[in-house]
């Protein structure tokens, strides 16, 4: 297996180099997607399947889709500048590489981190899987803030997305639509499964949300912006972006009021509350990620914008 | 007994409030008229605390605001009270005389007057270094507005030199204060008074304040600024502000621990040098105000000499009162004399008062020159007596020379004043009364503290007599005015430049130099512009991404490897 | 734990969320959020300093929060500046409504950062802060704003990544993320130096310390005035606050022999380079942005002196005074520039003479802020610089003393460069836009605060 | 008996997986060597579907439970489905592009 790991590491380095050094933007994006898959593989090798899942879904899948969508909207460009070799650059970074290697060699290999501590408190956590316990109970505040980060990333994108008109070429036939139709229930199922399994084994809200988002992206590509057609109310959409975060935090505040501290749960109800939070968080993540891809803008903003301009 | 400690802040906050009020345009026309009222809290404090001081002479008024600035302390003790008295009287009389300033920009005069007043009163009560520095700067910098007020060429020249030296002094003082504060770890002046610190910090403080006092070479702003300023402003410049340097030396330097200072011998000698220097140069003046300015330098010599032996004595605090008394004496008389120039110059409408005015002028001149049984003579005699046991003694003849030269200056002053061109201006009676009262006070105040005796009458009369004889002899035998334009050093410098430029054989060369100068100026402007542009573009180096990341990596290496060293 | 602490984070985020959901009134929700946050930020000064763990999980399992004096002061500075900027922005109708939810997001993130004692949690707050701050730059309609935002985004991400690397190394070594615990355990070793280097350089890039400053003049120069005020006065201070925490607390036990020289040299270069650029730049807004680069240098010098002092942590109040002075002066300055720029329709220094002459209150405010920046008495800047000078005397760092004085002179130089323009007899060349009078007063009050706060700043480092 | 059965099963699954891998190789070679997009698609989809099918078939023989068999089959079916859909999309784009180039339009 050492050979495999070594090859994987080399491959990751090679792909990273190719992604950054390529002159063709499209090639860079494709290589980047491949790089994400290889990194996911590396996570698997490090026996962190949840990280692998997240990397594959978000780092490679959704980020790749976002990059491709952006690429389709900008002028084709190739970078023709000749890059001069810089001695100072080479010197500094080879020095850094050596330094990093030397320093990493000093890190004790048997580091258990907080694992003992976590295991000791699992019985009170309401869930059996250590990662989920850390994410949704011991360090719930981090996760809540991460949800906020995701929401604010979307708000930020929304603020910048001034004239978003996706250019997708129409396709003949209904192969894609049919495919999407068949796939959607499966995606829902997988998402729900990942979410449910998170309580005891690797999985959880982020992975489930990412998978759901991927399904939504495929669906939106196939049907060209279903949400514009008004199938879902704007309000539902917008609530879904922040719902996960606010439910999480509100439950945290209830914890403060009940005396278990901010972002804490009464141990008896912990399991149920965590499940509730995870469901809402999954939906939030899914809709936020999907919205980022499809550049959803609600009609109200568009209307007021055109008012201002006129 | 009433607690007056709050007034320690009011005395300078109140004029600041007035100054702030002048920001409102509708108040501006009343600016000058309001000036005397700016002294109200100071007057209340003076009366209130004066009674307490009469009851118990060691009482000290204190106010502490530990959270304001780096810990603000204000206090008023006997010494401060003397200084407050002289400030109050001179500023008050000057405020009443300020109606001589009648131009459109009178409100600006009022503004700078108020700011300067606030600083001047504030530094008297300051008991921490930062408040002293701030009030001192406020006073110095705001006085620039008084000097430049009349805006004619000489005022502008004077103001330029004034601000140049004032800022230089500020800088020295500031660095010195920071150095001393850093070393002592406190800005509390009561600790500063007892603890010495690194010599160069002390030297910088000394130098910074020496500018204000007008120590020779650093004095050049003084004979330019005093004649250029409006008359009441000259009175405060010479009566009060110049003495801020003396109290600054006393407060900021380790006055209680000065006895062993190896440079101390310099002070008495510097004092005498200043006395003679100011006197001799003053005799060469024709403008009575310039003459008075040099006389002030000369009188500062007495204070420098005085503080020189105060630092040697075992009880500096007690001795300092003598110096303070001398400062008080000089403040009243010098302010009175400057205002006298005004009364003579703007005299036309008070014709029937003029004999009285002249009488007062001569009285003031005699007081300063050391008329027996008057404050000048009494103080000088007492100071000489008290200083008899000081370590660094001066020959008596030198001090005598100092006194003689003061006498000569006063004779010259009265003669020059009589030739002054008259420009009529009206002024109400209150000002005249205040001036007469000032002169009266200058005449009688010493008798409240000292009893004149007949023992010294001979030695007291000596300098005055010599001066009269010398002046008469000069009048009969030589009868010539040796003229020197005010500002000696500056004048020499400027004159030398002009002279060189006018030398015939050098004229062509000089012309070429001038042309070259113009060319050079253009060229350097061009160069500067090109340099600016290049600097502006140099930022591209940091903007370059590759460089940015390289810097980042280099810094990482630097911090990461720092444990190797 | 007082309910006020979570509210400090959640209230601005809630208002921002309501603004997103109810976009027609985003402005008003924004103001409500800002006022509430400001009141909370002031109110925490009255709370007892203490520390807590979230969710009731004992350390090292849970996330630690703490409210010490440093955190209290940072929250207070955020509250004061935030309040003024918010009211100013509320009066500015040219701002897109997205400003409100982005700004409140950034504010909430900063408050969360100041409260947190957990390095990973701080990383998360840095992410939220960074994403909001970058978007705030990008919403400007000024030419080049998008590129500037892009550069800022990359630098910000790079900084976060390096910080995260440091966090990972710390966790790997000590199996804890709590700063107090880490400080107790800290032992010298290559890994720790790597962690320190990574976190330091990452935060330096975010703070825009020379030579990693290049993104700042672009981003702050091209953003909207209210945004520049926030970024300059608060956002870069958040990362500098972390540098204080790291160098004076977490990594303090390490033997940092070169640290003084590192910070003092970079700080001096920043002071000189920033001031030089401010003296030559042709645009008013850039001038103020460059001044930030220079003032960051002062912060670095302050840090250098603190490290060299091997001083008690409580001594850091001088640094807080420096931060306070700069936050007030710089926000006032940027808001003043906003008034001028909006009135003139441009910020080209050469053609601002007439506008500056008509905008007396704003110009006066600019001058007052300049007085504090240059460190003239009696402003907050004076006290801060007094503290720096005194410390550099204590350390016999005479050359540093020279740099500080020279920096102050140069600061006075570029402030005068602007004030001088008001004295030139430039005729009116273009029509002027009207701006609400309230904004002029607001800037004037803020600038006066920069002066007056100097009076009571003693309570910062006195005790 | 059981031993012989196991031997046959092992051999069979080895054979199937080997065959599957050979199809993968052929498909990859096709992608690398064929000239037009449609040709490449042809090679890769045919080869991959069959290759994966053979590999799955080989693995089924090794599976310990029916649930596992079911999962393998689902995987195969999903790959078939998505490969078909994706190839269709790529093929349609390629077809559109060639038509555009032939008619002289720039895409």
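Order of writing sets the labels: A, B, C and D. Residues in every chain begin at 1.
One rule holds for everything that comes next: contacts are C-beta pairs under 8 Å (C-beta built on N, C-alpha and C of every residue); 3 or more make two chains touch, one makes a residue touch a chain.
Quick caveat, the model's predicted, so the values are computed rather than measured.
Think of the whole protein's Cα atoms as having one middle point; the chain whose own Cα middle lies nearest to it is C.
Between the Cα centres of chain B and chain D there is a gap of 100 Å.
Mean C-alpha position of chain B lies 43 Å from that of chain C.
Taking each chain's centre as the average of its CA atoms, chain A and chain C sit 31 Å apart. A separation of 29 Å divides the Cα centre of chain A from that of chain D. In chain B, the positions touching at least two other chains are 556-557, 560-561. Of all residues in chain A, those that touch two or more other chains are 99, 103. Of all possible chain pairs, the ones that touch are A-B, A-C, A-D, B-C. Interface of chain A with chain C (complex): residues 99-100, 102-104, 106-108, 111-114, 117-118, 121, 137-142, 145-146, 148-149, 151-153, 155-160, 235, 238-239, 241-242, 245-246, 249, 252-253, 255-256, 260-265, 298, 300-301, 304. Chain A makes touch with chain B in their complex at residues 86, 88-89, 92-93, 95-96, 99, 103.
Listed in rising order, the residues of chain C touching chain B in the complex are 155, 158, 162, 188, 190, 193-194, 196-198, 200-201, 204-205, 211-214, 217-218, 254-259, 262, 276-277, 279-282, 377-378, 383, 386, 389-391, 393-394, 401, 405, 454-459, 462. Only residues 66-71, 130, 133-134, 137, 175, 178-179, 181-183, 532-533, 535-536, 539, 542-543, 548, 551-552, 555-563, 565 of chain B touch chain C when the two sit together in their complex.
Those residues of chain C that touch chain A in the complex are listed here as 1, 3, 5-6, 10, 13-14, 16-17, 20-21, 23-24, 52-57, 60-63, 96, 98, 101-102, 105, 108, 112, 120-121, 124-125, 127-128, 131-132, 134-135, 138-139, 146, 169, 171-173, 175-176, 189-191, 193-194.
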